[in-house]
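Two complexes follow with subunit A in common, the first pairing it with subunit B and the second with subunit C.
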Partner chain A sequence: MRIVTSKADLVEALGIVGRAVSTRSSIQVLTGVLVEAEGAGITLTATDMEISVRAPLRGVVEATGAAVLPARILAEIAKTLSPREVTLERKAGEQQVDLSCGEALFSLRILPAEDFPRLPLFPIEEGFTVAKESFLATVDRVAASASRDETRPVLMGVLVQVAKNVVRMVATDSYRLSVKETPVEASVKEKIQAIVPARCLTELSRVAAGVAADSITVVPTHNQILFQAGEVLIISRLIDGQFPNHKQLIPENFESEAIADREEFMESLKRVSLLAPKSAPVRLQFEGNTLTISAQSQDVGAARESMPVQYQGEPLEIGFNPDFLLAGAAGVEEEDLHMRFISPLRPGLLRGQADDFLYLIMPIRLGE
Partner chain B sequence: MCEHMFVYNGSMSTPPSCPRASYRAVAHLDLDAFFASVEENLDPSLRGQPVVVGGGERGVVATANYIARRYGVHSAMPLRTARRLCPHGVYLSGNHHLYHRYSKQLMAILRGYSPLVEQVSLDEAYVDLTGTERLFGPVRRTARAIQEEVQEQLHLSISVGLATNKLVAKVASDFRKPHGFTVVPAGSEAAFLAPLPVQRLPGVGPALLGQLQDRGVRTVGDLARVPERLLRMSFGEWGEMLATAARGQDHRRVSPRETVKSISRETTFPEDVGDAAVLEATLISLCEDVCRRLRRRRLEARTVTVKIRYSDFVTHTCSHTLLPARDVDEVFFREVLALFRQGRQRRYRIRLLGVGLSNLVPRSWQDDLFDQEVPLLRELNMKLDLIREKYGKTAVRRGAAQS
Partner chain C sequence: MTPLVGAVDSALFGNVVGQPLALTVLGQALQRGSAHAYLLHGPRGVGKTDAAYAFAAGLLCPDGGCCHCDHCRRARSGVHVDLETVAPDGSSILIDQIRQLTLDAAMRPYEAARRVYVILEAETMTEPAANAFLKTLEEPPSHARFVLVSSAPERLLPTVVSRCQRVPFFRTPAKALAAHLGSRYGLRAEDAWALARVAQGDLSYAEALTHSQSVREDRVLVLSLARELPSAGFARVQGMADEVMAMLGRRVAAAVACVEDQKTCEMEWAADARARSRVEKAFDVRLRREKRAAVQAGIDHVISGSAGWFRDLAVVAAGAEETVHNFDYLAELREDGLPGLLSSYLEVIAAAKRTKERFRYNVDTRCSLEHMLFSMKEALL
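What follows is the complex of A and B.
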């Protein structure tokens, strides 16, 4: 194998596949990146057995071949090279790859390529395409609500439902829940749904944003899913299980509603929540057309700030985790933030004027 | 009444090379045969007789006075066994309200000497006397004054250990009981501990003792000579703690806010019970009780444990850990009943049931969307707590807790 590429292209391609490299080194070959040089071009592949990413590397194939190189050190080397031509060469029968760039020469011992897992084959013709921008925008507003707690695997995923002209995503960590529906052209025959690891979707969002393609190809199978954006492939296992029924969780009727300027609300909340460290709640008091946000920390002190809102309902005091509240307000993305409540003991709902994005959040009981 | 003093090298004061302020002065105080002594105060005719206080008709020995101990009676022994060993003893079922009152008075006396009083149990506490010299004079004299005040005010004998940390103070108070007074000066901690049997160290129970003895460790001094590396290899983190303890070091502070690790209650039936309805009602009632105490301490619990002791004394415990911590009775009812149904695997009648909560965390009250009833039930529970606080523990009970 002998390929010639540039520093910039190498850094970019390694950046795309890098997050799929296994950080747990119990299987050594997974800490590597597979470099394949064929007639059609060069590809890099990394996998941690949960998600796999394959990306093209721009360059010239002078001799075909393949090698698995240690990913972390390769990425670090690539970053520090001078911005010039880079040659990677594995001489026949040798267990090392020579990387040269200008006067710099690295000989990297390779990992056994035959141990590197083959990517599964997907029936591309059974997939569908979906508009990239709307799909990724939906991911970005929902995925952060997914759980990071490995004891509840289903909640680490995002429920993705795709119908002919709408995509819906739902994520929850059991304290808050986000639902986003986006009208989108999708070439699906019937409604399909899957629980996709949130990590896969955020990775897709990061990688695909930089790819010059208007649509994403999606190929779900019974236990895996493939996303293709341009020439980049992301493959993930699907999460098996029953996703909580979000429709059952969202109350139909509310007792009160407040409409606030979203930016102003978020600014106040950020300031006041400095005095609500760790998991301490911020207190929202609605009375008349005034919202007072306050917090206190036993060791530090207290903060309060009032702002005008349009409020309909009985006076209400309710407590929330400030981070969850802030994330919900950020997700609304409209000028006006609508907040609906039933009581201090029941979940509150954040949304915009339209109902395409809903953020349900469970309160924290306030002490006396 | 006898008094003892441990004086190492005949010197009572801190070595001159060590600045005084860098040592703490920690006293550990432990009432001698507490329950039995209270009973003797109540009925002076008991003095000179073997007195055994134990729960109910057929529970276990809670306290035996020193005369009863000569017959081999000790706490946690089944009363039946105690009766066999000491048939002419006076057996009392105990008066816990009274013991609580005495305990409160003891703690009040201790707080008169230092704000840093850490109550360990009804009859045991640490007092940090560091810095009290300017108020009360030398620490040793203050500790002696406490002992005398307890004797005069409560007519109870208390053993005192005075050292530079909690570990050594505790071993010292136990060094010569009853009415012991043992001072271990700064710098002589390891020398004081060295000749003592290794099981005197808190935390060295029968299982660990066996393992240590297998390795030829009998005294604390033996333990101190084992390289820390080996202890770590054999016992992991425990090994490091053992090594520190063997050197007479302990960096724990005397913290007045007691840190609770678990909350539990158990009950021994007057007669062994086989009826599931009675057993489950008892579990509900125990569960109500521990949950109320959990909320009073502003905690939430993740782990619930059920203890089952059969008529032949075989004891099983089973526990389950919840994902988020909770403080609501109803959540634990479900768990307790499920654990019991799953854990009761023998057809014997049951002698004792217990419910415990552990894995305690400060309450956050961040509730869960998937269990939206929890906050409503909590309000109910907190209202019930208020009623119970005002009218007594048994003022309101759930129907399910009646048998």
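What follows is the complex of A and C.
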């Protein structure tokens, strides 16, 4: 194998695949990045057994071949090279790769490429394409609600449903639940549903945002899902199990509704929540057309702030985790924030004018 | 018994010798569809772990274990992505390891149709770990296969055992063992036969005796100490304990050297400080485990080796020479074995057994060994 590329291209490609490099596997070869030079070009691949990322590396293939190089050290070397041409060469039969750039020469021992897992084969013709921007926007608004609790793996995923004209994503950590429906032209034949690890989607969002392509190709299979943005592939194992039925969780009728200026609400909430540290609740009091947000901390003190809202319903006092409330308000992304409630102990709903984004949040029981 | 179907399976389980029942169960599972959990149980050193990895290869290979494909090769060398091994972290399998497994099992396989979890020394699961594992075992994801390996299944939770298909392994029959030693290592028939008798159905011990000079030396040492014991004075018994401790020390040093070599290699690959500290920690745990295992194996060897000597003396004294284990010492056994001491020999063996029991607890090695030697001596008076 002999390839010629540039420092900038190498750094960029390693940056894309780097996040998929395993940090805790017992399989040594997964700490490496697979460099493959073929007639069609050069690709880099990394995997941590959960997600795999493959990205092209711009450059010239002078001799075909493959090698697995230690990912972290290669990335560090690449970053410190002078901005010039970089040559990677593995001489036939040798267990090392020579990396040269200007006068600098590194000889890196390689890992056994035959132990590197094969990327699963995907029937590309069974996939479909969606518009990148709306797909990623959906990811960004939903994925943060996914759970980080490893004892309930299903909740660490995002339920992705794709029908002909709409993509729906649902995520919940059992304290809050986000649903976003995005109308999108998807070239999909029948309804598709999968539980994708939230980590895969946030990774996709990060990588795809930097790729010049208008659409994302999605190929779901029974066990894995593939996303292709431009020439970058992200593959993830799917989560097995039953995702909670969000339709059953979202109440149909509410007792009261408040409409607030979203920006103003978020500003007030941020200020007041400074005195609600470590998941202590903030208190929302609705009475007449006034909302009073308050919080108190035993050690530091108390804060309160009132703001005008349009409120319909009986006076209500309800407590929430300020971080979760803030995340929900941020997800609404409209000028007006609609908040609906039933009672202080039933979940509240945050949404915009339309119902394409719903954020259900569990209240915290307030003491006196 | 149904013979194994097809030549494929016998190649897959090529390293497993003289376990027709176990191989029938596993072979049929590969051909007719597998249950979600198997418990490979039986004495140490008879090939359970080899069988577990071969079985895993069979479960991962699209052809049920063809032996030549890439799935088979990677699975058998333990580097397949859809194969996870869980082994004791220190002296037990901890609940965190089981949580990690549960999380992993919730995700569908990476490239194969299934995901296989090989759980070594399964009986070392702590009770919370076993209960957490039970949850997964009760409602396993359809793609997950668990292969538990244990040489002490009675220490597993019965609720775990009852959810596994049991695959029993036995001491390797001497005939099969001798044939294996002959074909694999090219031993002459009578040497292979003698070794098979010495190893008493312990395949890995027989193999170690074949290719390791130090294992042979350890055996000679233990037998000569046992032989010397009846005539040894008080000070000499102390000296014997010293010699045994030195032998354990040599075993530990060899194990440490082996682990340290691998550590050096992996440290070079770990690029950043975080990766290095992870490798460091992983190897600390492993080092402790290997040290413990080396000491344990050494103690087992001393106890069963010396008990075996007195067993042979009893057998010779009773006039049943053809059942002697240490066949290569027949002349010495004839010389030493006294029919009048038959009951004393049985006492000695009982003392050895008691010591073996004692080592299941956290006892001082040297004290317990010395105590064993003295109580053996006492029995002979």
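The rule is simple: the second predicted complex is superposed on the first by the 367 of 368 C-alpha atoms of A that agree within 3 Å, B and C clash if a C-alpha of one lies under 4 Å from a C-alpha of the other, contacts with A are read in each partner's own complex, and residues count from 1 in each chain.
In the analysis below, a contact is a pair of C-beta atoms (placed from the backbone, for glycine too) under 8 Å apart; a residue touches a chain by one contact, two chains touch by 3 or more.
The structure displayed is predicted, hence computed values, not measured ones.
Peer 1: Evaluate whether subunit B and subunit C can sit on subunit A together after superposition, giving fit or clash.
Peer 2: Partners fit side by side after overlay.
Peer 1: For A:360, select first, second, both or neither according to whether it touches subunit B, subunit C, the two together, or no partner.
Peer 2: first
Peer 1: Is A:171 contacted by the first partner subunit B, the second partner subunit C, both or neither?
Peer 2: Neither subunit B nor subunit C is touched by A:171.
Peer 1: Have a look at where A:216 lands relative to subunit B and subunit C in the superposition and call it first, second, both or neither.
Peer 2: Neither partner.
Peer 1: Any idea whether subunit B or subunit C touches more of subunit A?
Peer 2: C
Peer 1: Figure out whether A:151 sits in contact with subunit B (first) or subunit C (second), or with both, or with neither.
Peer 2: A:151 contacts both subunit B and subunit C.
Peer 1: Give one of first, second, both or neither to describe whether A:321 is in contact with subunit B, with subunit C, with both, or with none.
Peer 2: Touch partner of A:321: subunit B, not subunit C.
Peer 1: Looking at the overlay, does A:345 come into contact with subunit B only (first), subunit C only (second), both, or neither?
Peer 2: Once the two structures are laid over each other on A, A:345 reaches subunit B alone.
Peer 1: So in the superposed three-chain picture, is A:279 touching just subunit B, just subunit C, both, or none of them (first/second/both/neither)?
Peer 2: In the superposition, A:279 contacts subunit B only.
Peer 1: Give one of first, second, both or neither to describe whether A:249 is in contact with subunit B, with subunit C, with both, or with none.
Peer 2: It touches subunit B, and subunit C stays clear.
Peer 1: Once the two complexes are aligned on their shared chain, state how close subunit B comes to subunit C by Cα atoms, in whole Å.
Peer 2: 5
Peer 1: Shared contact residues on subunit A, subunit B side and subunit C side combined as an intersection?
Peer 2: Subunit A residues touching both partners: 151.
Peer 1: Quick check: in the complex, which residue numbers of subunit B touch subunit A?
Peer 2: Per the touch definition, subunit B meets subunit A at residues 323-324, 364-370, 372, 375-376, 378-379.
Peer 1: Of all residues in subunit C, which touch subunit A in the complex?
Peer 2: 70, 73-74, 77, 79-81, 85, 99-100, 102-103, 106-111, 113, 141-143, 266, 268-272, 274-275, 278
Peer 1: Quick one: in the complex, what on subunit A touches subunit C?
Peer 2: Touching subunit C: residues 23-24, 26-31, 47, 49-50, 70-73, 76, 109, 111, 114-115, 117-120, 150-151, 153-154, 156, 197, 222-224, 237-241 of subunit A.
Peer 1: Spell out the residues on subunit A that touch subunit B in their complex, using ranges where they run on.
Peer 2: It is residues 149, 151-152, 172, 174-177, 244, 249, 279, 281, 321, 345-347, 360, 362-365 of subunit A that touch subunit B.
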